[in-house]
Structures are given as C-alpha cells and as structure tokens.
Amino acid sequence: MGAVLDTGAAVTDAAPRASEPLLRVEGLGIRFGGVCALQDVSFSVMPGMVCGIIGPNGAGKTTLFNCLSRINDLHEGRIHFNGRDLRGIGAHQVAALGIARTFQNVALFDRQSVRKNVETGCYLGFGGRHFASLFMTRQGRRDRAEIDTRVDELLEFARLRDVAHVLVADLPFGVRKRVELARALAMRPRLLLLDEPAAGLNHEEMEELLGWIRQIRDRMGVAVLLIEHHMSLVMRVCDQVVVLEFGRDIASGTPQEVAANPEVIRAYLGGDE
Amino acid sequence: MMEFAQQVAAGFVNGCIYAMLALSLVMIYRATHHVNFAQGEMAMFSTFIAWALVEAGAPYWAAAAGAIAFGFAMGAVVERVALRPLHDSPALAVVTVFVALMIIVQSAAGLIFGHETYSLDSPFASWGGVGQGLLSGHALGTVLVTVLVLAAMSAFFRYTKLGLSMRAAAINPVSSALSGINVSRVLMIGWGVAGAIGAVAGLLAAPVVFLSPHMMSGIMIYGFAAAVLGGVDSPPGAILGGLILGIGENLLGAYVTGNELKLTIALVVMFAILVVRPRGLLGGKAIQRV
Amino acid sequence: MSDALLKVRQLGAAYRSTAVLGGVDIDVRRGGITALLGANGAGKTTLLRSISNVLVKTSGSIELDGKPIRGLATDTIAAMGVGHVPDGRGTFTQLTVEENLLVGAITRRGKADVRADIEAMYALFPKLAEYRAKPAGLLSGGEQQMVAIARALMLKPRLLMLDEPSFGLAPKIVRQIFEVLSRINREQGLSILLVEQNAHLALELAQDAYVLEMGRITLNGSSASLKADERVRAAYLGI
Amino acid sequence: MTALVDRVPGRGTTVALAAIGLALLLVFLVHGYWAFKLATVVILALAVRGLQLLIGSSGQISLGHGAFFGLGAYASGVFMSQAWLTPYLSVPVAALVCGVLGFLFGLPAVRLAGPYLALATFALSLAFPQLLKHPLFEDWTGGVSGLSLDPVTVPFGITWLHDDQWALLMTIVWAAIVYTALHRLVCGPTGLAWISLRDHPTAATAVGVDVRRWKAIAFGVSAATVGAAGALNTVLTGFVSPDSFTVFLSLSLLVGVAISGPTSILGTGVAAVFLSFAPDVMEKVSRELTGVLYGAVMLAIVFVVPALNQWRRRSALKRRADTAAPAPVPVPVAATPEQAR
Amino acid sequence: QTGAAPRGVIKLGQTMPYSGPASALSAIGKVQTRYFKMVNEAGGINGRSVELISLDDGYNPAKAMEQTRSLVEREGVVAMFASMGTAQNAAVQRYLNTRKVPQLFVYAGSDRFADPKYYPWTLPGLPTFSTEAAAYADHVHRAKPGAKVAVLYQNDDFGKEYLNAFRERLKEIGSQAEVVAAAGYEVTAPTIDSQIITLAGTNADVFLNITTPKFTIQAIRKVSDLPWKPMHIIPITSNFVATVLRVAGLDKSTGLISSTPSKSAGDPEWAKDDGYLGWVSFMKKHYPEGDLTEQLNLVGYSMGHLMTEVLKRCGDEITPQRILKEATTIKGLALPALIPGITVNTSPDDYRVVRQFRLQRFDGTRWVPLA
C-alpha cells in the first residue's frame, strides 16, 4: 500500500518550485452564447494544498474545471500551471502536464472492469511507446510490469481489490466514484481536480473520502482543487476556499473566513446555521 | 436556357421524392434514434400493395389509402416484433436487423410480385403539365404532397402531445415512462407513421422509376443522404437536403462533371459539408456536458 | 398502519441475475413522509425502481391505495399518480427546460392548469425561468436536479418518490427544496417516499423512517426513534 | 496475482494456437475446392476482424469497409499485374496503402457521429466501384472488366503441395500474422486509447488520449486489416472487378461483426463461416426463399448471439471470481460500517 | 480429373442471379432447368441424362467465381452453360480457360466472349454487342444519312463496347452520321431524366438508347414527355414487349427501332410456326406457371436446344475437348426461337454464334420487320 503513496513523481518534480504557486488563474472569463459563465476569476494554488471551490448551482464551478482541463476554451484571462501557460495546450495534453480530474457525473469506461479503468489512467505511463508493446520489446514488457504493479497498489488504496473484475456499470454509485479517483491517481498528477466527490455519499463514506484527500495531499504531495456542496467536508479538509457566484469570485480565504463572510452566507449557505 | 430549366425542374421533382423518403427516416430517427436502412424496401412493398389493389380493380385513391395503411401497419409491426426486443442492444444489432429486413422484404416482394418491372400510373397525370415538358402533372402533384407532409409533420412535432412524447421517448425512454408516457405505444406509432410516409414516397416514386423489388435501391441512397445532409432530426432539413441533392446532382452531372461520377461527386460534396457541419445543415446540436 | 397509501410486502428485486432486494416491507402513510436511509449499494434506488417498475425484475407485492400495482407498466403507474425523481436526474437533454416540464405534465389535461403549474415551478426555481428555452442538457448538474424535481411535481402526483433530491445541490437550495416539500406535504397532503444520504435533513422532514442494508430492512420506526438509535447515529448521522 | 486473468487471456492463446494448428492440418488434408473455400473463410474472418477492430475497439460503425476490401484487392491486383511485386509480397504493401488511405479518410470522418458517420462511410462504399470504372484509372484497374491475373503456383518446385494448398497455407500464415499484430495492439497502450475513447471520449481526453488522432488511427489499422484480406482474396481468386465490392459486401462485413460480437476473436471465425456458408445452405433449402431465409437467420442470430454472449461473459466472470478472489466475495460490495473500519 | 462424368449422366454447371438486383434475368436458368428435365424424361441425349446444376451468384462476380469453382471442382461438371452476366462470366473466364472447361453460350454479349485467340474455351450465347451495334449503324446510315446521333449508354462493358462499336462502324462505312452527344449513367442511378434532357437539348435525329430494361422504360417515358421526336433505337436485351414496352406504354413505344435474331414471345406472327409451337407446348406441359409472353423463356428454351444439339453430336465422347470441338463447328443450325433464315454458325476462328438480325419497328402492338 505504501508504494503508491511514496513513488509519486509529483513530489520530486514539484519540490523545487514549492515557493511558487502551482496553479495561477488570472482574470478568467468564458461565455456561452450571451451568458457569462465565468468572469474575471483569479486565484492561485500552492503545491500540496487543498483548495475548495464552492458556490451556488450554476455558478460556474464545473466550467472552471473544464477550462483547466481545456475542454472549454477560455475567452479571457490566463491559466498558468507549473509555470506553463495552458492556452496553447490541447485537452489531451493537459494530463501529461500533471492535471488529473474526476467528473461531476462520473465519467467512467462503463463496459470495462474496474481494473481496466484504472489501467487506462496509466495510459500516459506508456509514454507513447506503442511500438514497444506491438513488438513486445524489453521496454514493452517493462512498461507492462510496472503498470501492473501500479494498478494493484491503487486498487488496494481505493479499497477496490475485491471488485477488480466487476464491470463498473454494475457497481453502486459510491464505488464508481472510488474507481474514478483511483484512475485519476494512476495518472500521477501534480494537481487533482475533484468535482463533487462527496455527492451521494453517506456520512461514513464521507469520512473515508476525507482521509483519502488528506493522504493524497500529505503523502503524495498532490495539490487538490475540490468542488463540494458539503460544507462539513470543505471546512475540515481545505486549506483555502474560493467562492464563486454568477461566474465571479466573490470571496476567498481560509474556510473559517469564508464561512463567516455574510456575502457567502447570503448567496450560498443561506440562513444562519 | 430551356434545358437548364428542365434540369432544375427534373431535379426538383426528384428532390421531392428523396425528401419524402428522408422525412420518413427523420420520423423514425426522432422516435427511436435509429436510421432504418430497410425504409426504402418497406416503402417499395407498400407501393406494391397499391399496385396489386389497382390490378384487382380498385380505384387509385382507394388503393393508395390501402398502401398507406399497410405502410403504417408494417412499420408498427416491425417495431413491435424486430426492434422492441433489442431496445438495449448495441447499435450493431439494430443495424443487422435493418439489413436483414431489407433482404427479407426485398426477396419477399420478388417472390410475391415477381422481378419484372411494372407501372403504376400517377393520379396527377390528368393535371396536364406546365411548360413544354418542364413540369408534368405528376411533378406538380409530387411537390404539393411533399409540402403537405412536411407541414403536417412539423406541426405534429411542435404542437401535439404525441409529438412531444415521441421526442422525449427517443431521448430518454426511462424518464419518459416515469413521466407517464407509454413509450412502446409511442414508438410503434412513430414507426407506423414513418411507414405511412414511406408508402407515400413510394407512390410518388413509382410513376418515375417504375415498380420492381429493386426500385428503391437507387433512390434510398439519396433519401438517406438527404436526411443526413439536412440533419437527421430535422423535417425541414430533410426537404432541404433532398432538394439540394436532386437539383445539385442534375446540374453537376449535366454541366460540370459529367454523368459517370454524378453520385460520387454528390457524395463527396455532402461529405465535405458534413465535415464542416457534423450534424447536417439544419440538425440539432449535440448536447453534451460533463 | 392501515392508512398506508403505499404498501410494499416481501419485495424482491433483481437486475438480470443479480438479486438486490430480498423481502422488503415498507409503508408510506397517506399524507406522510417516509425516509429511507442506507449505505451505498444497499438497494435504495432499486427499491424505488421496483415500485415504478423500471429496469428491475420484482417479486412480492406492491399496493397503491389498496390496488396491486406490481408488474403494471411504468407509465400506468405514473399515470396513477406516482411521481419519481430518478437518480442521475433523467434529463431530456435535447429538450428545452420548458419542454422538460411539459413532458412531466403529459398525462394531465387542462392547458391553463399546466401553464399555471409551470409558472409555479419557475417561481420555485428562478434559475429555471431564466433558462426556460435552453436545452436542459446544457444546464449545470444542480440545475438539472432542479429540473428533475420540477418535472416530477408537474405530474401532480399523489405519491412522490425522490431519489437523493439533494444530490449536487447547494446547501441553500437544499433547504429551500425541503421546505417546499414539507409545505406541499402539509398543504396538499402529498405523500412522499424520500431516499436521502443527508440523514439529518431526511429525519428532520420525515415522520417515519427505514434503514436498508444489503437489500433488507434492518431498522424502522418513527424518525425520532431512529434519530435516537445508536447505530443510526454512528453510521448516518456521524454523532 | 489477479492482474493476469484480466488481460492475458490464457484461454484465448490456447484457442488461437489450436485454430492455427487445425488450419495447418487442414492444409494437408484438403485440396481443390475445399482448400479454396477454406481460404475464403479465413479471408472473410480477417476482414470481419478488421471491421470488428473499428467497431469493438473504437466504437465507430462503418458501412464502407467493403471499399477498403476492394481497395486492398485492387492494390494487390495492380501490383501483380504490373509485375511490381510477387503475389504474397503484395499483401503487406496493399495493407499499407489501405492503412494510409483509411487514416486519411478517418481524419475528417471522426468528427462525425452515429448516422452521420454511417452515411459518410456508406458513401465511400457506393463511390468506390464508380471510381474504379473511371477512365482515369482504367489503365491500371482494367475498368469495368477488372483484372484477371495468373493463378498462384507452388514455388521452389515443391511437389508435395497442390497450388490450392499453397494458397491456403499462405492465406493462413498472413492471417495469423495480422491477427497477432492486432492482438498485441489491443492489449497494449493502443488498445487502452481505443477502449477509452469508445466508452467515454471526454474521460479519454482527461487521461491524455488524443481522441481524434486515435480514432483516425483505428480507422487506418482497421482499413489496413480489411485491405490485407482484400489483397489475399485477389491472390487467391486471381480476379478483381468493381462489381465484386458492392455495398452488400460492406453490409455483410457488418453483419459478420454483429455475429462475432465486439471483441471475440473466435467469433470472427464463426461469422466468416456463417457469411460464407449460409447463402449456400439457404440455396439448398429453397431457391425461391433464399433471401427470406437468409434474412430470417440473420434476425435469429441477432436475438440469439447477445444471449450467448451474456452467458459467456457471465461464466467468464464467474471463472475469474473463482480464480481471482481468495474467498467468495459477494460481488456488489456495500460499504457497511463494519467494513469501513 | 476434371469433367469425368459418371457413366449415364452429363453434368453441366451454370451461375444465375436468382437473388440480387438482376433476379429477373434468372428466368433463363429456371426455364433451362425445366428444359433438361423434359429432355431427360424423353430419354436423355444418346441415352444419357443431363444434370444442369444452376447456382445462385446474386449477380456478384466474386460469388460467381466461388460457385463456378464449386461446380467444376466439387461437382465435376463437364462444361459451363449459359451463365448469366458480363462481369460474372468475365470473372471466371480465365479460370475456366486455364482449367480447360468449356464456358459455353454465356448469356452476355461482350466481344471478350468471342475471342478464340485468348479464350479458346469460351463461346457467347448472345449476338455480340458489336455485331448488333454495327447493324444499327448500317441502318442509321441508310435511313438517315448525315444524322446527328445522341446516345444514352450504361456505364459498363455493355454500354461502352456498344457505343464504341457503333462509332467505329460509322467510321468504317464512311457515314456522314455522327454521334453528337453521349451520356452515361450508372446502373445504381435512380433515374436518367437528367441525361435525357441533356440529350434532347442537342435535338439529334437519332436516339440510340443502350440501356437495360428498367432504364429503357424510363427513357421511353421521359422522351415521350419532351417535344423531342428522334428515331429511337433500343437494344435486343430490352426490346421485350411484355416486360418493357407494355410497362412503358405501348402508345409511347410506337415507332421504336430494334433488331432481333429471335421470334418475339407472344407475337401472333409465329402462331403457326413449328419451332414456336414446340416451345408453347413445352411451356404448357413442363412449366405451366411460366409466362408465355416472357421473351427470356423462349430464348432460354432455344439455348437449351443448342446445347442439346452440341451434346448429341458428341456421341459417346462426353469430354471437354469433344464438347468444345462440336460447339465450334456448327453449321447452319436452326433453333426454335431463331427467326427462319437465321442460323447458328461457328468455326474455330469465329466464335460468334449468331451473326444475323432482323431489323424491326414497333407499330404499337407488335414488332414488324423493316423492309
């Protein structure tokens, strides 16, 4: 179990830049038709931090993720990741830079086993060496073996070993979310984007998730961007929180600061608890 | 000049026939999100019914009504028997069913009606024509019927509950059922109506291409292309696609590329259009969010 | 509970060959709200699907208002007044928001009535009014959840089954929705079967509650009694 | 430990080896018509495999692969008739030609989905015979009459093999090579890329797969495979003509994939046997009803095959569960409080 | 081992489009199967019975190849007889010639089937396209010297050979007439209206309509819709009254020019003709469900006679070589369907089985010979 947590490339690569933000979003803006889904959003995330993104429904949180993973084009502003400008980068290249994500609606390869799904996350691990595997060269076999071990470790980590061969389509929702998490981790990211990972989880499962996020941050050194509506989770795990409303960032700071912000209470939390 | 006008007119009428077939495809697509390859063959069979009735002495309009009713029934039965059991099968299984149907209907028609060519005369022939062979009576009738069917279909989808149910059922059958839509009935009606439209297309085509078990194999390609070019979920798109193909093909063949590669060129142009507009000219956008 | 609107007895349910539920008994009181708690994969969604008869094979008996409904077609059950907000929202992606609501009301007659109800939904979810002509598939996750709830309400159901209505919704909206549900329940006597992971909220709203584990009911009683139960407190309330 | 079961289909390898062994044995047992027929079955199986790769692995449905079959057939026919290449050397070159053209066709075509892609590919299969007949290419393609080539003969003065047997042997050898190459591709990163883009393009992008490029590559590899089959067919029959590659061929290949299922290798063989023998059998049953019967059998297959597949999958899962899990675990695992601790 | 027939049975092979787009043509195979049944019932040929194995090729050359190999290598047929289609016969021509299996009386008119130099084992059953086209060229030259000719042709061997032969013949006889426009169409095309409009635009004096029946019908109709009134020539393969002209409309077909070596099925002209009556009584007895106005039934029957004659002359030596020898040395053989005066003549260096025609004009009810 330990290996996966300690061998992340992320730790070593990210270390020299630790003083600079890993992710810097500046003046981000995007429109759909006439509607501004995001407008002048700026924030930054330091390596190894958990940053929460909260806000009412339709505030633009998922859209923000889509910009980071380049599924949507940005119309204004910039995103710097690890010193690189994301604008000229294609959606499929984002993963190679070290950004992994999960999806609000769970995007898994439904007709495949859990194992295969996690393995797909290792696609980059093959480094494009397609011919090596076609001709079964030594490199090809080494890739194979390495990836097998990685997958085993991740299945262990996400408590999926027992369902390794079940088709994900047949799994309950909560387990599917774990598969998605394992797949994202298989990519050895530096930054992990989690879109409502706790939705549909009960209390118990949420506790488990909390533990995982902490481990991902502390032991793998991966920075996490977390969209959540469960404030209890946000309060306990985030180092910093950004609040969006109508596509604008209306507040940011520590979870405590944000939760006390009257704007945030009005727009998002509602009433007083 | 006269020749040019004639080419356009002939293309226009052919275009209407393509469009009618395309409309029946659109109907099925809207109801079930399938493209029925056997649609042309089903239309052919219905047309043969009309022919048989006329041969048996029925007046044309009664025979036509019979064919349309038969088309409806055949569509409904096909949906019920061949498609419903496959509702959660992969697309490939459905395609295979269509291919099988195509073969079955075609050989059944050959078996029952023979492989010769027959004629079924146009009810509009008596209207005379316009211009020196520019538009025959049948051509005028074809245009009229096409416009009527398009109007009826658009109104159906826009203003009726059944039309809405049909669209809903095609998009999400489970949610539709949970909302109280009898999905299987709606699908059956959708297929039935498509079969009826197909029969109309067949009746319009018969005086032009004549009746034989293979009468549709040439036309159906254009019907298919028209539907896709216009956007496979759009009734006006079907008409637009049909007319573009009908007229464009004639003009290209007559004045630009020569007749040998007529179909090829038409298909290449269509491919080019699709690459620029992957959902056809008037097709709805793909709705995908993550 | 003789005044049960919905009475489920010895319900078994299976997907193809995997059995999920074994012998479940549940009642929903007329005009009452019943909550159903359970871990991931316990079979809550399957239970609701069994009642609506979608996607599952069932055994046992289900009665609505004393009439057996097990095995009836899904649309018939819906037409009898059972609204169902499915998990995963079931949005008609290519239809506009307004058309989605119209589909919800497809079994109803009376154009004016329906129109008025649509306006009521817009009042309830102002976001939807703003997007009424937008294809529903383009809405954000939470907005689609609002569409799903509104669509089920458009049916004017006698029994409303909600599968995790709070899923993906901001806390403020969740609270609003629960208030609305409780109001409709009070004012119109709508009976509700509520599946909800947020046990605090669910037990607050409901009068009766069940706990489903591994396809069986392991606990049931009034919400208050469940709130006090040690096991429930540990596993679902986190106290 | 559990890894092996999922990916390296031990049973598959055995079956493959057994199939090759059996086929080679048959080479020496049959000759004449049956050697020819067997070779056509192998060729059809390869063609079905090619289309299956596209559909099963990358999720694109093509109604136009008959055109690539024809293209491969013509490529090898031209190479042979111009005496540029010996028969069996023309096969890989023809495959390469098809692969490149398939890739180029695929690049724009991958933007299309569902019925739109179906039409684009359908158009390909319609246009192909017309292009072959075009005067521009007539010098090479022989126009409407096509090309008649010298039949292959046993080389090196070997006397213990008939010409037919030699043709069958070479067909099997080439088919085995292509099957193996495809198998390696599907099991490696290439396969991962295809599976992911088939099941969920957005998620595929998120794990770093360039969806457009890999879709086009799938198209290319598939076209190359089908093209290889076409080339083998030319070598075998010594004849190509435009009318042999009609839309119906494309549809037959599609039906083949429906029979074989999306991934089964053995299935491609079964499909080939069906496509090759069913019409003959139907004709024997009744000449009048050939079409109706053939269609009816196709329908029946569509209804039977999924049930079979499901049964197979289930028993495969069961087998895995038996071998993989240390103790029988109830498959859907619920996170009960006890387990979480 | 090829062609070694078991004593007492002569095995012949044939491929026919029983399925697929050309199914109508399979009438030939149907009538011939019955024809040989009749022959067998009457005691066979020189005491042997004939087995005609007629297989479906769906009008697909590749399938024709497979079926032919099956016939030759599995069934051991001694010769192929009257297989249908140009592309289909072309597909197996090389194979049969390499194998030295006679490919007799193929139902196709391409010149490649009458080419003893390259394909000594192949003989055509139809008049070749070029012979026929030349006949029309001669007629045009005679009837309308200096005519402008518009041609509609099917874009395949049939149409192209025909058109070329027509042009060449005009040149050969030094005619003033010339082809001013030629429009092709694909067999897969739904209609040929556009081509007809183009051709009509030239206002040519002669319309040479080299089409297959479906398109012949369309062309007759379309031309009648237009003000264009040319001399309209249609080929042998679609000059059938019952299945083509009647469908297109007899009134609209009036004035068509065509040619034929054979009697026309259902035409009262032959009501007292022995050969014709022989066919009628055969149809009544052995093929009662068959159509007495279907030209293919008459032609198929007549070809059966031709084959029987060849086999008869082989005597006891039923070998491919002997069959070929007899087939290529026929002199002045009259057939039941051939118009009196037209006979079958072959020689080892001219394989064209039928070389004579009668030019004819349709008068609204029947074909009448041109003076």
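Order of writing sets the chain letters: A, B, C, D and E. Residues in each chain are counted from 1.
Here is the rule we use: contacts are C-beta pairs under 8 Å (C-beta built on N, C-alpha and C of every residue); 3 or more make two chains touch, one makes a residue touch a chain.
The chain list, named the UniProt way, goes like this: A = ABC transporter-like protein; B = ABC transporter permease; C = ABC transporter; D = Inner-membrane translocator.
Remember, it's a predicted structure, so these values are computed and weren't measured experimentally.
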| item | value |
| --- | --- |
| Path length in the contact graph (subunit A (ABC transporter-like protein) to subunit E, fewest steps) | 2 |
| Contact-graph separation of subunit B (ABC transporter permease) and subunit E, given in steps at minimum | 1 |
| Relative to subunit C (ABC transporter), chain with the most remote C-alpha centre | E |
| Chain located farthest away, centre of subunit B (ABC transporter permease) as origin (C-alpha) | A |
| Centre-to-centre distance between subunit D (Inner-membrane translocator) and subunit C (ABC transporter) (centres being mean Cα positions), rounded to whole Å | 48 |
| Inter-centroid spacing, subunit E versus subunit C (ABC transporter) (mean Cα positions, whole Å) | 75 |
| Rounded Å distance between subunit A (ABC transporter-like protein) and subunit D (Inner-membrane translocator), as computed from the means of their C-alpha atoms | 39 |
| Per-residue overlap in subunit C (ABC transporter), given as positions that touch at least 2 other chains | 18, 39-41, 138-139, 235 |
| For subunit B (ABC transporter permease), residues contacting two or more additional chains | 107, 110, 221, 260, 263, 288-290 |
| For subunit D (Inner-membrane translocator), residues contacting two or more additional chains | 126, 130, 133, 202, 290-291, 331-335, 337 |
| Subunit D (Inner-membrane translocator)-touching residues of subunit B (ABC transporter permease), taken from the complex the two chains share | 29, 33, 35, 82, 85-86, 89-93, 95-97, 99-104, 106-108, 110-111, 221, 224-225, 227-228, 232, 260-261, 263-264, 267-268, 270-271, 274-275, 278-280, 286, 288, 290 |
| Residues of subunit A (ABC transporter-like protein) that touch subunit C (ABC transporter) when the two form their complex | 32, 55-59, 61-63, 104-105, 170-175, 196, 199-205, 207, 229, 231, 267-271 |
| For the subunit C (ABC transporter) and subunit B (ABC transporter permease) complex, residues of the former touching the latter | 52, 54-55, 73-76, 78-79, 84, 86, 90-95, 99, 102-104, 106-107, 135, 137-139, 151-152, 155 |
| Subunit A (ABC transporter-like protein) to subunit B (ABC transporter permease) touching residues, read off their complex | 62, 66, 71, 103-105, 107 |
| Residues of subunit B (ABC transporter permease) defined as touching subunit C (ABC transporter) within the complex | 161, 164-165, 167-168, 171-172, 174-183, 284-285, 287-289 |
